[in-house]
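Two complexes come next, and they have one chain in common, chain A, joined by chain B in the first and chain C in the second.
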Partner chain A sequence: MKKIKKTRLNGTFFILPAFIWHFCIIVVPACSMFYYSLTNWNGLSKPEFVGLANFRRMIHDTDFLFAIRNNLIWTVLFLFVPLVLGLGMALIFTKIGKIQMPLRTLCFLPYVISAAVSGKIFTVFYSPYSGVATIFDKLEIESLSNFAPLGDRAQALYAAAFVDNWHWWGFVLVLMMSALHQVSAELYEAADMEGAGFFQKLVHVTIPQIKPTIAAYFIFVIIATFTTFDYVWIMTQGGPAGATELLSTRIYKTNFLTYESGYSSAMSLSVCLFALSVYLILNYMQHRKGDRRE
Partner chain B sequence: MKRKRRKVCLLTAAAVIVTLVHIIPLATIIINSFRTNQEINLSMLGFPKGIDFQNYLVAWEKGGYASAYVNSLIIGAGTAFVELFVIGFAVYGIQKTDCYFKKFFSTYFVAGLAIPAFTILVPLFSFYNQAELLNTRVGIIIIYVATNMSFNYMFLSAFFEGMSRELDEAARIDGATEMQNFIYNTIPMAKPIFTSIILITFVNTWNEFLFSNTFLQEKTMRTVSLRFYNFVGSTSVEYGYVYAAAIISILPVVVIYMFTQDKFIEGMTAGSVKG
Partner chain C sequence: MRKIKKIVSVALSLSMLSSMVLGAIPVNAAETDEEITITLSWTNIPAHKQEIWQKYVFDPFKEKHPNVTIDFQCIPDQEQTTRVQLAAGAAADMFSMDCTDVFDFASSGFIVNLQEYREKYNLDEEMYDWALKACEYNGELYALPHSVETSDMTYNNDLLKELGLEVPQTREEFEKACETALEQDIIPIAWGYSGVPVLVAWFYGHYLTTYAGPENVKKLLNGEITFEDENIRGAFETMKADWDAGYINDKKSGAISNDEARSLFMNGKALFNMEGSWYPMADVEVGTWKFDWGQAKWPSMRDGVPAAGDISVGECVGINSKTEYPELCMELLLDFYLNRERAAAASAEGFSTPAAKLSAEDYPEEMHEDSVKAIAFEKEIMSADIVGYAPWGFFPSKMKVYIDDNLDKILYDQITLDEFLKEAQERLEQDLADGYQFAG
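What follows is the complex of A and B.
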């Protein structure tokens, strides 16, 4: 009896280093946000309790509201563009022969390149002095020779999203390819026997079969896009004139440029709680559906 | 039959064209890294006169890549090995022993995936500032080990679940301690997956931007990706150097990826399909 207790204790000791490490670096700071969001902390001095003032300020902060709008655009873009591209190409890739492997490798390649490099290189491509615009200028295509999307308030957000999508859709492709490989061939044979066309097979066989992957994709995108930071910060830092400001860049600036850490904490906490609750709700819905089907 | 072959041909052509368009930016970087600044300023697209590594030498010097490589290698390797140890132990404890609170620990590590990095940035920065851990390699390794933990837990845990338990039982009956069983039984069997974890963690830290940009602001401590980020801002018309610096910055991870692609892709997408 004593021996069993000892092995159980030994097993627990194996877990403790990772648990304590993760708890101190992730959970403790995350929980301290609840406190800081109620103070006027500047990051250095002793925080002073101000109640819900930060949250009241947030509701009337037009910069913050505009960031929400940009973030929603970003989220909608990433819910659909990489999915259509990735799934569409995956459908093609799984129907061609061995050549799909080297092609898949190349499509995935941008995913392993750091955001700092792809972001900055595309800034060079987008620049009117060194980028694509110079080519149009040479070709004397007047309308595009001033092409400078990062300097244009209407285009900058989409230009940055384009780069993030370029980096990411290869990942979605691989994800969808592995999902498609798990769909049993018999289902397609049966559909062929019934004389189903391409779209009928897509709607009635493929999509229902890979539904769990698509659901996981949606959940992931919602969580990830609400705190997306790298590409926008690297390419525009929220500019020109706030046109590409996202929640993350707003939070970052509030903390590291104007030192309003209390307010920054309040915004960060709201965004994260929102993302988390969406995650939990969607996860719950997905699992409940799964149970019902069984 | 003939119609089907034609269809496959068309689809192959479409796939090849999309892939080629997709890698135009990368091809441009490679080609332009061998052209002089003047050539690039005259025309963004064009072929180099020859293979000349002059741009690379200048970019390496100007960008301070020697120290950046040392930093990135120490941080990447340090994080990867420490990560492997702590997470290897944890998964072993949860999957292979009758530990206390098994269910809790398992849920805890998976749930960690849903905590966005932004929640911890501000408090951690203030703490690091007071503890004088800013601009230190150890400091950033401590963060990276924690932020990579949940993903690696899921990845490794899926593998351990599929391992046979008979060897463990046999070892226990022979009187082996858990530590001996871990070292002599589990490690040899899990070697391939451990390699994947090291490679993926290394690449993740090499590419990471948010934490490194915030916590390593001193020039001498900056990693390779950060150096490139600063380098582009500092030169205005020397694009030959910029393109060469880009290649210098991505070469190690691209080489790792090219040589271990299946392992890599499998590891990177693991867990995502399951949701």
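What follows is the complex of A and C.
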């Protein structure tokens, strides 16, 4: 018992510097957000207490509500598109032997390109004067010769999400491949002996076996998509006409362009609480299922 | 053995703690053998412009003060970074800023009051009075105007001739030029704002000046009329009509960056460009345009309001109220701005036009013809009887930020003009209540 206590004490000593550092630069500012969300601080002058006014304003703020809508679309896209693509390709790659490695590397390549670079590259691709539209124009496909998704309110969000998906799906592929490698070959053999087809094996063997990976992926994506910022900021800064505005870009603009730090703190706090509640719900559901199985 | 382990673990953690604490303690300036470092924070400018700073601003100052080192920090998102640094008490000794920020920074006590220097160095005689006025708070100088500029229309004269057109001066001529260009598959006005929404200020600035007229803009900003005034409303309606007609980059401005819009103009695919003096003087290297180009006032958008260009302060310099060397900072700035020969030579090499009143004789004799042309036109606009007020130099902060952030929502029919004008008016009233005073 004494030995355990001493070991813990030693461990605490080692952790202490990092903990103090983390406490000062993460915990304190994060907690101060609670306070600032109740003020009308502009980032410079002395904050004045305004109670829940910022939260009331949020409910009627059409830009903020539109950003939530866009964020939900973004989340849904990221929950399913890279997963379906990644899992589908992983299933194919596990069957193709030696050629798998170069193909897997090729698919993973976009993931190592920085968001700034890929965002800029795709901005050029999407340009009506230098991008793919010029190819359509040369091919005399008139309906696509004016293809300029970043300037089209209906297409801009999906165009930006496509680039983020392109960057991200290679990672999901690798993640799914490693999950598939964990599935016991005996289960497939047993399914084969029972005469199960491809889809039956997928539904009854593969997916149940990699469910923990998929669940972790869901939690990660939900949290990550509510803080996503880079691609939209690089490609459109939330435009045109707010069509690609996400919560993070709205919060950034409110804080650094309109200098309403109190209001942006309230928005940040809401997003944090939302992401936290989603995480807790999913976690609770996972544990409940685990308990039932036991 | 256990004891040694314990001693090692305690020693290690103490050393980590002490290095962390020591790292956070600033080095005393007095211990640095009289060496002084002044930090100047600026927007992210290209290397060749940094060299001009070095050659014309820092090197001559360094000759006079060999013990002073100037740390010139060119950073992206400098404006936002400076705000955060100011709030944290860690900003540079001097920093560039927009005139619209003078109010916030001065009222919060973050920048030094420069009024005594204004009198001491007779700045009202040496610099443009309107530029100094744009840097005032409560009637006193709080920042030094760094550069002045005009916002107007740049045109491709070869294309105009090819289409049998003259430089438009009236609404009728403007419409004719745009329609003719569209018929020939030429973009009438190149302009892109994707990724930089604040560039919409060029667009509405022109229409407010040449439809509503500078006097009405002045009345609006003084709170004498509202956004609902027919002249102000008409300016936005005309702007929207021209957008819908495809005059403005074929309605694709939201899909392209300003760099791309510039390349369209540069490659002869567009008739006009809506930028101002900074474009040929500072943003492209002289001799880049291989066609006959010119600059003109933005055409009159309705009868009774003349064609005009807007004037503005490009950026100004504030001195951090926490600096230990306000005198040195001021000396560094004025050593350059008040040395006409050096300021003019820097300007001729692509530095922004300094706010000091430079005459033709101050400029070097051997200058590229593009520079001569651009400088002459800028002078012409600045000395014109009627000039407009560029939004980024004169408009109040909250109102401008709202318009910049929401103007394209009118263009894309996301909100109605009524909603837009109502919100803009609310922001203006907030600015006026906060103490904003029009400086034009």
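Everything below uses one rule, namely that the second predicted complex is superposed on the first by the 282 of 294 C-alpha atoms of A that agree within 3 Å, B and C clash if a C-alpha of one lies under 4 Å from a C-alpha of the other, contacts with A are read in each partner's own complex, and residues count from 1 in each chain.
Keep in mind that, in the parts below, contacts are C-beta pairs under 8 Å (C-beta built on N, C-alpha and C of every residue); 3 or more make two chains touch, one makes a residue touch a chain.
The structure displayed is predicted, hence computed values, not measured ones.
Upon superposition of the two complexes on chain A, a steric clash is found between chain B and chain C. In the overlay built on the shared chain, the residue A:Pro17 is in contact with chain B and with chain C. By the touch criterion defined above, A:His60 lies against neither chain B nor chain C after alignment on the C-alpha atoms of chain A. Legend: residue contacts after superposition of the two complexes on their common chain; A:Phe256 is shown touching both chain B and chain C.
Of the two partner chains, neither chain B nor chain C is touched by A:Lys98. Within the superposed three-chain model, A:Ile25 lies in touch with chain B and out of touch with chain C [touch as defined at top]. Of the two partners chain B and chain C, more chain A residues are in touch with B. Once the two complexes are overlaid on the shared chain, A:His181 sits clear of chain B and of chain C alike. Judged by the touch definition given at the top, the superposed model places A:Ile234 against both chain B and chain C. Legend: residue contacts after superposition of the two complexes on their common chain; A:Leu44 is shown touching both chain B and chain C. Once the two complexes are laid over each other on the shared chain, residue contacts for A:Thr123 go to chain B and to chain C alike. After superposition on chain A, the stretch of chain C whose C-alpha atoms clash with chain B is 74-82, while the remaining options among 74-82, 128-136 or 272-280 stay clear. Touched by chain B in one complex and by chain C in the other are residues 10, 13-14, 17, 21, 43-44, 123, 130, 234, 256 of chain A. Within the complex formed with chain C, the residues of chain A that make contact are 6, 10, 13-14, 16-17, 20-21, 42-45, 123, 126-130, 148-153, 234-243, 253, 256-259.
Within the complex formed with chain B, the chain A residues making contact are 4, 7-15, 17-19, 21-22, 24-27, 29-30, 32-33, 36, 43-44, 89, 92-93, 95-97, 99-100, 103-118, 120-125, 130-132, 134-135, 138, 166, 170-171, 174-175, 178-179, 212-213, 215-216, 219-220, 223, 226-227, 229-230, 233-234, 248, 251-252, 255-256, 261, 264-265, 268-269, 271-272, 275-276, 279, 283, 286.
Residues of chain C touching chain A in their complex: 5-6, 9-10, 12-13, 16-17, 20, 77, 80, 83-84, 86-87, 104-105, 107-108, 110, 193-197, 251-257, 260, 264, 269, 397-398, 401-402, 404-406, 408-409, 411-412, 414. Here chain B touches chain A in the complex through residues 8, 11-12, 14-16, 18-19, 22-23, 25-26, 28-29, 40-41, 43-45, 86-87, 89-90, 92-94, 96-101, 105, 108-109, 112, 114-127, 129, 142-143, 145-147, 149-150, 153, 172, 177-178, 182, 203, 206-210, 213-214, 225-226, 228-229, 232, 237, 239, 242-243, 246, 249-250, 253-254, 257-258, 261, 264-265, 268-269, 272-275, going by the rule given at the top.
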